[in-house]
């Protein structure tokens, strides 16, 4: 056999130098029409964002032709008190919305996963409702609610004046958290819980020692989702915010209505960077193996 | 492959392929995935009408070889020919081979008859002919009357028959089977083995099967290729593979074996002698082994080739052995009763343990031997295989 | 195994009361109030009587508003179709890429989704306006073509007229596709990634080409994923407010813009509430249709 293999081996050597291997039939990413498609899609998705970011450094008011590098619009944006205030408001609302949404969402998920109770289907459906109801409907409902049913007191000190917006955000954010956590819980091995109890842990200890560590990645993902949803929301905020409770998107919206200034580019770039960094941190935390949680 | 000494070539390839009749030939085929080499310079011919098995442990590259033949992977180097034609340029849907997938891959959204008709429709076969051929194919795999069922109404074994019918109905040059029996339970597997053999005889198509189960390969195939870490180790008939393995890997992978390392002391035309430190006496062989005197060799001895006898006095000496036999003494250390047979582990004088077994020919046979009983072991001078690698 | 609530009343109350109460107070009651408003009448600048009238619904079904509903459906449908046409090949390519490439591509597709909607819309304005990059690129091509034609002795083209890409219906559809594409790609990717590869290989092995395989095997098996991708693109597109508001012209108002006007400017809350509920009903119909497809696919196994 070795003798037989020889001429073949020689042929392989004399063959032209290795081309790139032919793609397998299902390696669609290595076929040019699909590569082109993916490339164009990414171009379509990123061209506007990248130009926006690039031109936030452009030393020209008209914002069209490159005139030179400058930080002046960042300075301007950072010195714009109402813009800064709106930004701080947005982050504050997002923070409280995240904390409360994660708690409510986790509780709702455990309730639906763990218990049988009368009217469960109705509760399940209602929790999913805020995810599918159009934002505009939720927005006007919140407007009417805080105008007629439960007027939020005017002139409260910061950050209590943001209460109405925060409540509205939580109402549509926590069902998302519940969905994510519940999906995670369905992969939980019930025997772990039984093992903990078998070894002498109480109901409460079992919850903290076994169930919560299992939920952890979903809690992080849910928190990330709630934060972004809150920070991103324009429509519902637009209907619930008053003159002294402007959030960043509402502020940018009104700036856009008057004129498109490079200042908005600068402010937007800051927000994009903040979101990307937060997302990266969140994904990183999610990918890390949950550390042992011995108290 | 280049390392294999010429000593082996005549022994391991008695049915040396006749090139003209090869239906499939792999010529120096190599497949790399990144840095790992899945298939390493394999050259292999399969003849028309064979039931050929690719045998090896998981990850040895056998499935990759099959998938390259089907067209799901492209070789990094080398050529694959079907009927003498290079098929590199042909996509899977243009190749004259069809495959039965390990998971069967029966389309869950199509009726059984539509599954079987799928390939014929792709070939543009006329509607009437499709109907008759689908019925024939379902008859062939004993699924007549199941055409209107959906796959989720079938058992695993029935789904496999659908996959078989679907591939055979296209009358491929070669039928490829990827671990065809691995998902079936033990009883069904035995039944399918014989059915696959008779099916192949009936349709007369060349079958090429991938399996990690040596029993399966020995039972079904007319010829087997053993692969290890991407390298083709031995190609032979099942009996030759078992009785004349060409390496320690093959001897160990196919069946159970007692292996003794030793030094070749004598090597003549009609006899040879190997001294193994673990055996009290040198091993006599009634054939030459064409190795260099003083070379390190391995003596491979199948458990069923060892006879076991009760012993009272001292361990027998080599000189006491009957002519043509090897004899060594030991003590029974472990007994595993398996019903049809009993496995024994015997500790030799040096401490080495040896496996053997006895068929339980009567209902009281298992009572013949007990723990810590002194025995002597004997085997014919023609029984062991001497391996150079 | 689920536990009956009555076996662990305290634990059940601890997990059930906060979310259920919140949902009731800050979601169901607001919606209920709006629903009540749909049967109300404006009697003063801030007072509304709940008279049980159907006049608001009757008005919403007048040709003018029916036309806007129809237009919203068409725009959302077109957006979904375009997202599907672009998203399917992209999802296919990602699902079959190497693990490393796959992770990067998914991140790249998701990143804009994490970016503020308003900022993305604003960025699109900068690209599409008459002094934007699309027009610059087209002008450059035009001028080069013109120069080339002069070179080969043909009549050169006239001066470049910038295209009006903004403030019309096309801009709204482009904007909605831009915003919702990730919504479509991700569920499609999930469905394709889950699919048993050997089914596609079996189809190729039996002689089908790639397009045939995709049509006869991939699409039917990925139908639930396609349906959910269509749904989560269609619903937000149907209720979109910001995109038509910023990118649309006077005739590209969608239903959400009309609702906003009733509440913020026209101050006709009962009518706005009726429009809101009609939009919600349309949404529920879309969800029911998707559930139907899903059920049919599940029955098939």
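The letters A, B and C name the chains in turn, as written, and every chain counts its residues from 1.
The definition used in the following text is that a residue touches a chain if its C-beta (ideal position, glycine included) is under 8 Å from a C-beta of that chain, and two chains touch if they have at least 3 such contacts.
Every value quoted in this text rests on a predicted model; they were computed, and no experiment measured them.
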A-C compared against B-C, more contacting pairs: A-C
Reference subunit A; chain at largest CA-centroid distance: B
Rounded Å distance between subunit B and subunit C, as computed from the means of their C-alpha atoms: 57
Geometric centre distance via CA averages, subunit C-subunit A, whole Å: 17
Interface hub residues of subunit C, defined as touching at least two other chains: 201, 204
Overlap residues in subunit A, where contacts from two or more other chains coincide: 25-26
Residues of subunit B touching at least two other chains: 71-72, 91-92
Residue ranges of subunit B in contact with subunit A within the complex: 1-2, 4, 6, 9, 12-13, 27-28, 41, 43, 71-74, 76-78, 88, 91-92, 235
Residues on subunit B engaged by subunit C in the complex (per definition of touch): 70-72, 91-94, 97-99, 101-103, 105-109, 118-119, 122-123, 150-152, 163, 166-167, 170
Residues on subunit A engaged by subunit C in the complex (per definition of touch): 25-29, 33-35, 37-38, 41-42, 44-49, 51-52, 55, 62-64, 103-105, 107-108, 110-111, 113-117, 123, 126-127, 129-130, 132-138, 140-145, 148-149, 167-168, 170-171, 174, 178, 190, 203, 228, 231-232, 234-235, 239, 248-249, 252-253, 256, 260, 264, 268, 271-272, 275-276, 279
Touching residues (chain side subunit A, partner subunit B) in the complex: 1-5, 8-9, 11-12, 15, 18, 21-26
Of subunit C, residues touching subunit B in the complex: 196, 198-199, 201-209, 212, 216-217, 220-221, 300-301
